[in-house]
Amino acid sequence: MIGEFMPTFFEKKQLVTPGELLAEGDYLPGENTYVEAGKIFASRIGLVDSDNKKVNVVALRAFYVPKMGDIIIGTVTEVGFNGWTVNIKAPYTAMLRASDVLARPFKPQNDELSQVLTAGDLIVAKIASFDRAHDPQLTVGEPGLGKITRGQILHVTPTKIPRIIGRKGSMISMIKQETNCQIILGLNGVILVTGKALEDEELAIFVIRKIEEESHTSGLTDRITQLLKEKKQVKVEEKVE
Amino acid sequence: MSSLVTKVRLKQIEQLIEKGKRLDDRGLLDTREIKIEQGVIEKAEGSARVFLGKTQVLVGVKVETGEPFPDTPNEGVLTVNAELVPVASPNFEPGPPDENSIELARVVDRGIRESKCIDNEKLCIEPGKKVFVVFVDVYVLNHDGNLIDAAALAAMAALMNTKMPNFEIKDGELKIKQGYTPLPVKGHPITVTTGKISGHLISDPTAEEEQVMDSRITFATKEDGKICAIQKGGSGYFSPQQILEASKIALDKAVELRKKLDW
Amino acid sequence: MNEKQEKLIDKKGIRLDGRKADELRPVKLQVGVLGNADGSAYIEHGKNKILAAAFGPREVHPKHLMQADRMVLKVRYHMAPFSVQERKSPAPSRREVELSKVIKESLEPALFLELYPRTGVDVFIEVLQADGGTRCAAITAAALAIADAGVPMRDLVVGCAAGKVDDTVVLDLYDAEDKLGAADVPVAYMPSLNAITLLQMDGILDPEEFEKAVNMAMEGCKKIYDMQKEALKTKYMVVKEVEE
C-alpha cells in the first residue's frame, strides 16, 4: 500500500528479532536498528515502534555502554597503586583515581587507599571520561556521589531505566514522594533505595520491579499511581488499628 | 595483526580494487607466477617446493610402516600436518600448531583424500597388520598470501615424487628390499582460492591483500571437473551468486594450471 | 570397500531414517537455559543435542588477544566424551580446533565488531550428543545465545547441511549418511542479508549437484531460521504478555 509514507513492516509494539526487516525507504534508523541497502533492520530483540520517521526498537535485552556524564552505581573490585578498579556492569572496567577521591595530591607512601575504599564497597559515581581507546574513568567529586553506606540495591535491565524515570522525571518523583525514599538510579541498571523504614524501601522496590516488568504496556503510570495510593491507604489503616 | 599494514596502505589496496587493479599490476583474477621443484630433500621419500609469487612452501613426504586403523584394515594411512614456521612471517610464533596451521593441513588433506587420487588399498602390506603410513608435512617458508593453494600444490607435487620402499614378507616378518616403487597417484586435484575485497572477487591474494580481504573460498577440483573439497574462511560472507562464480573461477584455473604443468 | 553396501535411499526416495530427500530432521530450540551465562540456547536437531553459552561483551583475557579497534569473538566447539559411539578423549582434537575456527567465522559477519573495541564475546559450544551435522546445529544455537546476551546482530545465523547419498542430493545428513554418503556440504546463512557465512564440503560433487546442494541447504536454513525466531520470541514473549 503506497500512501503518504513508504511502507513499514510492523505493527506498533511488535516483538522483533535481530535481522527482522522493519522499514524500507524514507525512514531513519533509531535505537537498536541498522541500515543495509536502503532497508532498516532490527539489531536486537525488542519492541519496535516509530516516532515520526524514526524507527526504534526498545531492546528487551541489552547491556550498558558507558557515556560521559552518566551517573552509575558500581562495586569496587580491586585496590590498586593509585586508585580503585570498579565493576560498573559494562563491557569495560572502570577506574577511580585516588586523586579524585582524596581531592588533594596523592602521596602513595602516606595514603592507605584500602582505608578509603576497599573491595566490595559500593559507590555512586559519574563517568568522567570514556572513549574508544580508554576505559571509563569515574569521579565522585560532586555532591551526592561517593561510598554507599546504607540502603538496598536492586538490578534492572539498563534499558528500563528511562521508564522508571518517567517523562520529565514524573514517575521517579512520584515514587520518591509516596514512599518517602531516596532513590538513586544508576544508568547502568543498578538502583539504590534508601528509606527511613524497611517497609518504605520494600514498597519502592516492589513498585520499581513492577515498572520493569510492565514497562512496555500502556496505562502504566495510572496503575502505579493507583498502586501507591492503595498501599499508602493500607499503611494508614494498619496504623489506626 | 592488521597493525602490520597501515590504514593508508589498506585504503590504497581497496581503491585500486574498485578500479580493477592490484598493487602488483595484476588483474583481479590473475594468479602470480608459479614455480615447482620436486625432489629437493633427498632424505625424504618425496618432496617438492612451490613458489607462488613470493609465497614459498616446502612439503616433505616420509613413508613409514605402521598399523592400519581398525575400521579400514586394508588401507594405508595418509596424514597431513602443517607448520607455519616463524621464519615465514613476523606473525608466526613458535609453538604447537594453532588454528591456522590446523585448518591449512586439514584443507590440503581434504583435497587429496576426497579426490581419492591415492589408492589407499595399494598402501596395504599385510591386511589388518601392516600398512604404509604416508606423512605429508607442509612447511611454510615464506608467507606472502594464499598459503592454501601453494601448500596443496606442493603436497600434490611431493606425492607425485614419492617413492615407497620395496618389501617382502619372509618367515612372517616384514623385510625391506632394495629399490623403490613410485607411490601410485592417479589424478591431480588442484586447489584454487578466491578472496573477496570490497565486494570484488580476486584470485591468489598476497599477504597484504589478505589483511583487507573479508573472506576467502577455496575449491579443490579433479580432472573430470568434479569438486572434491570446499572451505570458506574469513570473517565476511559470500552471496550465493558469488559462491557459484568462485566455483567456476576455480574450475577454469585448475584446468589452466594442469595444462601448464602437464599433470 | 567392495562389499555390497546397503542402499542409503530406496527406489521410492525414502532414506534409511524414513525421510524424503528434502526433509529436515526434527528441530527443537530453547533460549535462556543457563542462569550464569549472559546468553544461552539449547538445540536438539535430529539426535544432536548441543548447548551454547555466550559471555560478554567483556574484557579480553589474555590481554594480548585484545584488539584496539574492535570486539574479538572467541568460539570453543567441544564434544563431550560420551557424545559419540566410541568415547572421545576430552582433549581438543584437530577437528574441534578447525570447527571452532569455522564456526567463529560463520558468526563474525553477524556482529558489529567495530562498535565495542577492546572487548570480547566468548561463545562455548558443548556437543552433548552427536549424530551428523553438529557444526550446523551448533551455529544455530550459538547465534541464539549471542542474541540472548543482548549483543546487537545484523541477523541470526542459521546452519543446515545438504549432501549426496547414493545418487541423490539430499537435505540434512545424519551420521550414517555423512559417513557412507558421497558428499556433505555444511552451510551457515543469514537469510535477511542472503549471506553465506560458512561453506565447506568433503566428498565429490559435480558443479550442478553442488549448486543443487547449496540451494537445498539454504532452504533448510530458512525453515530453521523461522524456528530460531520463534524460540527467541518465546523467551521474551512472557515479558511482553503482561497487558492490561
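Labels A, B and C are assigned to the chains in the order they are written; within every chain, residues are numbered from 1.
Going forward, contacts are C-beta pairs under 8 Å (C-beta built on N, C-alpha and C of every residue); 3 or more make two chains touch, one makes a residue touch a chain.
If you're wondering where the values come from, they're calculated on a predicted model, not measured in any experiment.
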- prompt: By CA centroid distance, what chain is farthest from chain C?
  reply: A
- prompt: Going by C-alpha centres, which chain is most central here?
  reply: C
Message: As a quick test, compute the distance in whole Å between the mean CA positions of chain A and chain B.
response: 54
Message: Taking the mean of the CA coordinates per chain, how far is chain A from chain C in Å?
response: 35
Task: Let me have the rounded angstrom distance from the C-alpha centre of chain B over to the C-alpha centre of chain C, please.
output: 27
- prompt: Which residues of chain B are in contact with two or more other chains?
  reply: none
Statement: In chain A, the residues touching two or more other chains are none
Statement: Residue ranges of chain C touching at least 2 other chains are 190, 193
Query: Which residues of chain B touch chain C in the complex?
result: 74-75, 97, 99-100, 102-103, 105-106, 110, 113-115, 121, 215, 217, 222, 225-240, 243-244, 247-248, 251
Task: Would you tell me which residues of chain A are touching chain C in their complex?
output: 15, 17-21, 32, 34, 36, 41, 43-45, 47, 59-63, 65, 91-93, 132-133, 213-214, 216-219, 223
Field: List of chain C residues in touch with chain A within their complex
entry: 38-39, 56-59, 68-69, 110, 112, 116-119, 147-156, 190-193, 228-229, 232-233, 236-237, 239-240, 242-244
Touching residues on chain C, where the partner in the complex is chain B: 1, 94-95, 97-98, 100-102, 105, 108-109, 113, 185, 190, 193-207, 210-211, 214-215, 218
